[in-house]
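Heads up, there are several structures right after this.
Heads up, the next two complexes both have chain A, just with different partners, chain B and then chain C.
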Partner chain A sequence: MDFSLLLDPYILTEVLVQGFVRGAMYALMAAGLSLIFGIMGVKNFGHGELFMLGAYAMFFVTVVLGWPWPVGIAVAAVALFIFGMLLERTLIDTLRRKAGRDWVLDAFILTIGILVVLQNLALILFGTSRRGVTSLIDGVLVWGPVIVSYERLMILGVASLVGLSLWAFIRFSSLGKAIRAASQNPEAAQTLGIDIRLIYTVTFGIGAALAGLAGGLLISIYPAHPTVGFEPVIKSLACVILGGLGNVPGAILAALLLGVIEAYSAFFMSAGWQNVITAGLVVLILIVRPSGLFSSSKVERA
Partner chain B sequence: MALLEIQGLKKQFGGLVVLDGIELEVQQGEIQGIIGPNGAGKSTLFNIINGIYSTDAGSIRFKNRNIANWSVHRVARFGIGRTFQVARVFNEMTVLNNMLVPSVVMTTSRAEAVRRAEELLELATLGRVRNNLAIEISGGQKKLLEFVRTMMTDPDLILLDEPFNGINPALIEVLIGLVRSLNQAGKTFLLISHEMPHVSQLCDRVSVLAAGTNIARGTPDEVRANPAVIAAYLGQ
Partner chain C sequence: MGLEVKNIVAGYTREVPILNGVNLTAQDGRVTVILGPNGAGKSTLLKTIYGYLTPQEGEVLHDGKRIQDLKPNQMLGEGIAYLLQGHSVFPRMTVEENLELGGWIMRGDQKRMQTALDFVYARFPRLREKRSFLAGILSGGEQRMLEIARLTMTGPRTILLDEPSVGLMPSLVDEVYEEISKLKDERYTILMVDQNVRKSMSIADYVYALALGENRYEGPREEMEKKLDDIVREWI
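Entry: the complex of A and B
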């Protein structure tokens, strides 16, 4: 291993860009997971399957129908927004109303059930073959030592735009304020006229839309197949924990950090090491800071 | 016709009967107090009126509709606001943003909502801290914030649960002044309190609950002189 390579400008930009692209995917996934956990208290283990559905939607629109990629990304996000809301209203909401006090634990099992069903449905309907595209946009930007494909720039651009819009929506819009209020004190929010069931349904829809968008956006790197969501969901769960449970900006920062660390470890060691490094990092950080890297409070949820 | 009329209200948790045939009537424009020893069922009554708990029997008529077992947000939108015994503010939001939470369900413009919020915060002497996070303000200020936040929904009836608990005397004066002026502007109040001097100062009528039943009602002076009330408080 030659550490002087770490500072080589060509390698540095290549690894950083690769890391940020990976990080962008984790961030989109982690933001949705963190939002759903922060507001509803549900850890959605089926989140990777929403990524998978987004990838299939993208493939269908851009390859089968031959429409342009922006339409594909929009369809992936909108379709998953609707699908997420349906999933929440039919399954999770029903469980919450019937199961009472322990529903969060039950919801954990339910989301694993969603994972199994969706994965196997995809297997039956689409088979095991990988369905992707070689690239959505051709061409490379050369600027001094920086060489980046337009496709990667597009991925980073769309992810940043979506991330910023989500932040602005939660921070400044009326519905965003209602969502934050509902996550901090659901009963008090309801006494102000806020329909908590609607908040939960919309929140789950937004989380699902972010996963679907990520699946569509990264189709050239992660072609659609039934288990494509496994790695993104495991890594983004790690980001949610690293960022502090329910802390959306924390999860996004952790995602970018993890993406870059993984890109470096893949480059300087081997791709096999990157999972070891992720897992090691999570364990280490949980020992040093049990409530996550970016959490202000000592204990988030008992 | 009363604004709020409760008849034969019953609530049981497992084998424990918490409310056993409560009757209550609140006239439009009055300030009514509810007193009673600990465990009398006062907070449970509020939780049933605003929909947090379901009822086992009885009716709750508000503005001529039976609102028993409505969902919490629906009761709120129909015109009943409330505060909690321990103030429930949104800690990680600024004081002003706490006020603007209901704006998602309001028909007024954003500018109008901000103007109303600023005005209420000034009245509650919270104008100075409006850009602070709610977690940073004192316990008494949180109670005032929760109260004026409820007013943002423009309720007809406001339920106040122990509004004077844990507030310093200066803020109590502010709170009493606010309740009075809002009452003069047509708002109706129902408040639970242990602080008999404040209840006497504010309330037109007082209802006394003990062990889940009504034991007395009348003016503050009548209630204070009632032997059944004295017995309930002294545990005879």
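Entry: the complex of A and C
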């Protein structure tokens, strides 16, 4: 390890930007996972497959149809929003109504089933080859010693915009308020006329849309293939734990932190170490702060 | 017209009904109180009326309309509000957000929402003072006031109250009953389940006593007050 490299502004920004791009992907994934967990109590292990479907949708629109990339990203998000709502209404909602009190544990098994089915469907339909694009936008921004590609700036820009919109939606819109109310006291929310079933379906749709958008946005870095969702889902689950279960802003912060830590560890050690570091970090945080880095003192959902 | 419950059989599983044919009428603009020992099915009755449980037999009518097939989230639209047992504010939302959620079903109508907010704030000045506080940091009594205020946002005709004074310290209990008698003066139809027999009797117009999921006694308040000692003795 040669730490003097840290002083080189070119390397510093290169690694930092790489870390933020990674972090942005984890954040989009983790925000959806955390939202779904916070409101429904479900840990969606099939979230990576929604990322995978988003990547395929992006490939289809931008390469097969040859349409511009913003259309691809929009299609990936909207298609997964609809797909997520269908998935919730047909499978998860049915399970919740049939299985009764212990449905959350059953839902965990169900989401693993969704993972297996979607992965294998993709394998049958699209094969094992990687389908991606080398870059969505060409060119680099040169600013003194700092060089950043427009592609990465676009990824960071879109991710930030989506993150801000999500925050504003949850904070200010009446549906967003109903979603928060449903997460804090579902029974009371119902007495005020809020349809919990609808809230669950929309929430799952939003989570799926974020995953699909991430899959589309990062196609130049993670080309679509049947198991492309595995790493993002494992890492973003780690972020959800690090940020405090159900704490969406916490998960986003943890995601950015993890992205940067991974980028630095990949640069200074060999690439394989970054997974060890992620896992080690989770274990460490769970020992020191079992309720997560950014959790408030109360854990309301056991 | 009010709220009528006819021969209701309901429970959490089909095999074990908690309510075995309960009949009850909550008269328009009156306070009707349901008494009974633990396990008599008082809360279960409210949950069944509000659509959390589907009755196996019987009918629930609100102003003459059958409502037993409706879901809980459709009840406020029918003009029935429900105060749940225990705390039901949204603790990590502000007082005002809690009240706005009380008006969720009229969310498209800003004018009506503002009128309702002004009305509630005029009646509960303390809630106006604390409108931007998180509901979770209010005192127990203030949270209860917020819950009662939230019930009235849409101007329902009927209010179901499940143990409104349980878990509050004695000095706050009087305050809660004062609010309920104000609701009574405003001619809401009130159906209340209560363990606090004497307090709830003091504002009741008509009283039912349940036992083991069946009607046991009923009568106007004056009549029931005379029988009260006998009724309570049976529970022990």
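Heads up, the rule we're going with is that the second predicted complex is superposed on the first by the 299 of 302 C-alpha atoms of A that agree within 3 Å, B and C clash if a C-alpha of one lies under 4 Å from a C-alpha of the other, contacts with A are read in each partner's own complex, and residues count from 1 in each chain.
The rule is short, and it goes like this: a contact is a pair of C-beta atoms (placed from the backbone, for glycine too) under 8 Å apart; a residue touches a chain by one contact, two chains touch by 3 or more.
All values derive from a computational prediction rather than experimental measurement.
*Asks:* Putting chain B and chain C on the same copy of chain A, do they fit or clash?
*Replies:* Clash - chain B and chain C, as placed by superposing on chain A, overlap.
*Asks:* A:177 contacts which: chain B (first), chain C (second), both, neither?
*Replies:* Both: A:177 reaches chain B and chain C.
*Asks:* Now for A:6: first (chain B), second (chain C), both, or neither, which partner does it touch?
*Replies:* neither
*Asks:* By the touch definition at the top of the document, which applies to A:65: first (chain B), second (chain C), both, or neither?
*Replies:* neither
*Asks:* Considering only the touch criterion stated at the top, classify A:140 as touching first (chain B), second (chain C), both, or neither.
*Replies:* neither
*Asks:* Is A:105 touching anything from chain B or chain C once the two structures are fitted on A? First, second, both or neither.
*Replies:* Neither chain B nor chain C is touched by A:105.
*Asks:* Using the superposition described at the top, list the residues of chain A that contact chain B and also contact chain C.
*Replies:* 174, 177-178, 180-181, 184-185, 187-196
*Asks:* Could you list, by residue number, the parts of chain C that touch chain A in their complex?
*Replies:* Residue positions touching the partner: 50, 71-77, 81-82, 84, 88-93, 97, 100-102, 104-105, 107, 150.
*Asks:* Would you tell me which residues of chain A are touching chain B in their complex?
*Replies:* Touch list, chain A to chain B: 174-175, 177-178, 180-181, 184-185, 187-196.
*Asks:* Note which residues of chain B are touching chain A in the complex, please.
*Replies:* 50-52, 71-73, 76-77, 81-82, 84, 88-93, 97-98, 100-105, 110, 146, 149-150, 152-153
*Asks:* Give every residue of chain A touching chain C within the complex, in rising order.
*Replies:* These residues of chain A touch chain C: 174, 177-178, 180-181, 184-185, 187-196.
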